[in-house]
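Just below sit the structures, each encoded as structure tokens.
What follows is a pair of complexes built around subunit A, which joins subunit B in one and subunit C in the other.
Let's look at the complex of A and B:
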């Protein structure tokens, strides 16, 4: 019965995939109509960056990115609300520890590079923040219980830094008569860089804290569940 | 043209496979991976149709949307994983509590499992089973969590 249902679902979804493939093929066969690409590149000069994707993310559709940072923050608050973080992993051996000593600074350096290069080539705050988050995950896996994060109060400030700076810049622009997140032409580059720098740190800290998987501070509160069970067996 | 179709088509296949896996499998972790694969397929399609193979540069708007989508997907995945772990912990502790209350209701405080030959007679009636009476081979889910309370 269960197997029949799975088979039926498979057939139906294969039909759906065939339909979608046909639609994609037909769409690609058409002459491309007017696209947002022309509009986006026409005023690229005024955005303060020369990478069109960064221009879309932080200038044309800056609202999206602000709310995206808010989503990231909301997810972390959800994780923190579920209780304290589980205990970390066992300390790594000398070979892995030496590797981590190299990889983590390199990841931070590469993150800084990606942040800067995002202005004119593929890169940007999210890529840089993802690298910082990866550095944090590596630290946690190698037996650093805090994953390189600071204490709880500093962590709370860092995770709201991204959305906070974004909103403060937007509000400041609104107050000085430009409209929310409408950058004045000459200062767009530096405002975007400011927002992106704050966002990079916030994304890195948020991703790492999400991987740690619980409220910081009270740390190893329920060490018991995992370990006592293995002892019993 | 064909490169866009290959990439976009692969995205559609990933989407269909992810959706199938999501609907068929019961385990939460499998469903989560399936949703992520289906989402990855959608991202493929977005990236594929951003460039139409002509002289115009790739459309940056779908690229930015995909970047946003990845961040939202990662956030949601992290939250679901944390919820899943709490759920498992709650189930484990509930099972532990059940086991403890059963052994507390027995006449003696849960000695280690014994083989049938070592079993000492007690005042209990033969039909009454406690965890102490069970050999390790008896420890199936049915005996640990019986449908009806015994006694």
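Let's look at the complex of A and C:
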């Protein structure tokens, strides 16, 4: 009985998938109508950056990106609301520790490079932030319980920094008569760089804090093994 | 002036960020931000009331490159309801969470949720709506799990996953539309959309994704545990506001964007699901052992009524009769927003006072908490659809529409649902008495009882006796009756 039901479900799902594939095929077979890509490239010079992806994320559709940062924050707040962080891992041996001492500064350096290069080539705040987050994950895995993050008050300011700077710039432009997130001509580049720098730090800290997996501040929460390590380097 | 459309999204967002950064002062920051958000929402409603539809495109690029914001009568009506209900919930929450560690988690998430809610009502771009729905779903699930109890976390993890499935299904439809028509702006897309199989597939995908998020029967399975296990102010927000956001979107897409292909057959399918929701939700509410579970199942039923309007709207030509039906559908959604928020807030007070919310053991609550019981009775009468509540007018127009279009089969559904609703509301009220002697004063805790009472009162009096403004802001003639 149960197997019949599973079979029936499988057939129905396969039919649904076939229908969707057909719809996709029919859509792709259409005459290519007007697309936003051409329009976006045509006006790229006015955006203050020469990488079209950054132009879409930080200028044409900056409002979406601001809210994506808020989504990231909401995810972290949800994690924090569920309880304190587990204690973390035991301290790494000398070989791994030496490797970590090399990798983490390199990851931070590469993050800075990606942030800057995002203006004219693939890169940008999300990629740079992801590298910072990876650096934090490596620190945590190697036995640093705080994963390189500062204490709770500073951490809270850092995770709101990205959306905060973004929203304040947007609101400031609105108040000075340009319209929300409407950059004045000539200043787009520097405003975008300011927003992206703040967003990079916020994304890096948020991803690391999400990996740490609980509210900061309580420091020495006990995990399953009952051990707690708050040794600082 | 249209530049100001961003404020109902920006103000709570900034408030939420500040409440995150200042956890010790989160209640103060949160209350002030709630007040400012509410004022900005009501301000936009007033602007629409005075000047008609507003629209702007962010970034100075114009459509289709930039993201549009727009407010018409439908947006403004829901924005006004959300502003008032969310303000009442905020005031209640200030007292409910006072001195509790949950406060510092509640305020940032609550303000982010409110920002996304207003964002949905004001968005004019299909992808922007997806981002808003993600923020809404994520913050709602996190808030629902705030008690930290096992059942609450399990129910809200399911809510989160179901919500993600719903958003992704919606996004799949958006991707099809973008590939076929090359724009994400709802206005532009409406001009280009024709009755093609691709548009029909997109409609099916987007509406099923949103129906999952709005808990339309039989996709409602996640709602009762998630809403019943959340803290009271969160339950109120989830039931009164969050499910309305996806319902609003279905209504808007169905009647505007997809008007060329959303025919009577598809609308009848939605109507049948709505009828199933009315009967099943009301029946389960009648059988519920706990007050908050009863309220949650009642939400399933009330969402059902809203979908009964779709087949009637589809079979009527544009004109006064169709306008009346549309306005009545909006009126029912608004009334349910006020009534269910009031009901959940009052139920939360009962649960706090009694230490439980088992309906069979609620004897004497009415005498101990007269204002709270009165709120439950008022909100309950709006859920049943007794005059003069807004849902009485809504159901009246619904039944008249069913007569006029010859679709008589929606009548027994409405009547049966109403009888069941009366039964489950009176089942609660009949348990609430029985303490002798009747003591004490009417209001026992002003800061938490008054918001619940005002919401319940609004659902009955504000929207019932003064339904005219709802018709007026939607741009229709005078209200019937």
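Rule of thumb we're sticking to: the second predicted complex is superposed on the first by the 218 of 233 C-alpha atoms of A that agree within 3 Å, B and C clash if a C-alpha of one lies under 4 Å from a C-alpha of the other, contacts with A are read in each partner's own complex, and residues count from 1 in each chain.
In this section, contacts are C-beta pairs under 8 Å (C-beta built on N, C-alpha and C of every residue); 3 or more make two chains touch, one makes a residue touch a chain.
Just so you know, these numbers come straight off a predicted model, no measurement behind them.
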Practice task
Give one of first, second, both or neither to describe whether A:121 is in contact with subunit B, with subunit C, with both, or with none.
Solution key: neither
Exercise for the section: Quick one: classify A:98 as touching subunit B (first), subunit C (second), both or neither. Expected result: neither
Exercise for the section: Please work out whether A:211 is in contact with subunit B alone, subunit C alone, both, or neither, and reply first, second, both or neither. Expected result: first
Practice task
Scan A:156 for contacts with subunit B and subunit C and give back first, second, both or neither.
Solution key: second
Practice task
Have a look at where A:35 lands relative to subunit B and subunit C in the superposition and call it first, second, both or neither.
Solution key: both
Handout entry: Touched partner set for A:6, first subunit B, second subunit C, both or neither
Key = first
Exercise for the section: Figure out whether A:17 sits in contact with subunit B (first) or subunit C (second), or with both, or with neither. Expected result: first
Exercise for the section: May I ask you to decide whether A:52 touches subunit B, subunit C, both, or neither, giving the answer as first, second, both or neither? Expected result: first
Practice task
Identify the partner contact of A:109: answer first if only subunit B is touched, second if only subunit C is, both if each is, neither if none is.
Solution key: neither
Exercise for the section: Using the superposition on A, tell me which residues of subunit A are in contact with subunit B and, in the other complex, with subunit C. Expected result: 20, 24, 27-28, 35-36, 40, 61, 64, 68, 71, 74-75, 78, 82-83
Handout entry: Of all residues in subunit A, those that touch subunit C in their complex
Key = 19-20, 23-24, 26-28, 30, 33-36, 39-40, 43, 59-64, 66-68, 70-71, 73-75, 77-78, 80-83, 156-157, 159-160, 163-164, 167-168, 170-171, 174, 178-183
Practice task
Over in the complex, which subunit C residues touch subunit A? Could you list them?
Solution key: 3, 6, 10, 13-14, 16-18, 20-23, 56, 58-61, 64-67, 102, 105, 108-109, 112, 115-116, 119, 127-128, 131-132, 134-135, 138-139, 141-142, 145-146, 148, 153, 172, 176, 179-184, 192, 197-198, 201
Practice task
Would you pull the subunit B residues touching subunit A in the complex into a rising list?
Solution key: 1, 4-5, 8-9, 12-13, 15-16, 19-20, 23-24, 45, 48-49, 52, 54, 56-61, 63-64, 67-68, 70-72, 74-76, 78-79, 81-83, 85-86, 89, 92-93
Handout entry: In the complex, subunit A residues that touch subunit B
Key = 5-6, 9-10, 13-14, 16-17, 20-21, 24-25, 27-29, 32, 35-38, 40-41, 52-53, 55-57, 61, 64-65, 68, 71-72, 74-76, 78-79, 82-83, 86, 124, 126, 203, 207, 210-211, 213-214, 222, 225, 229
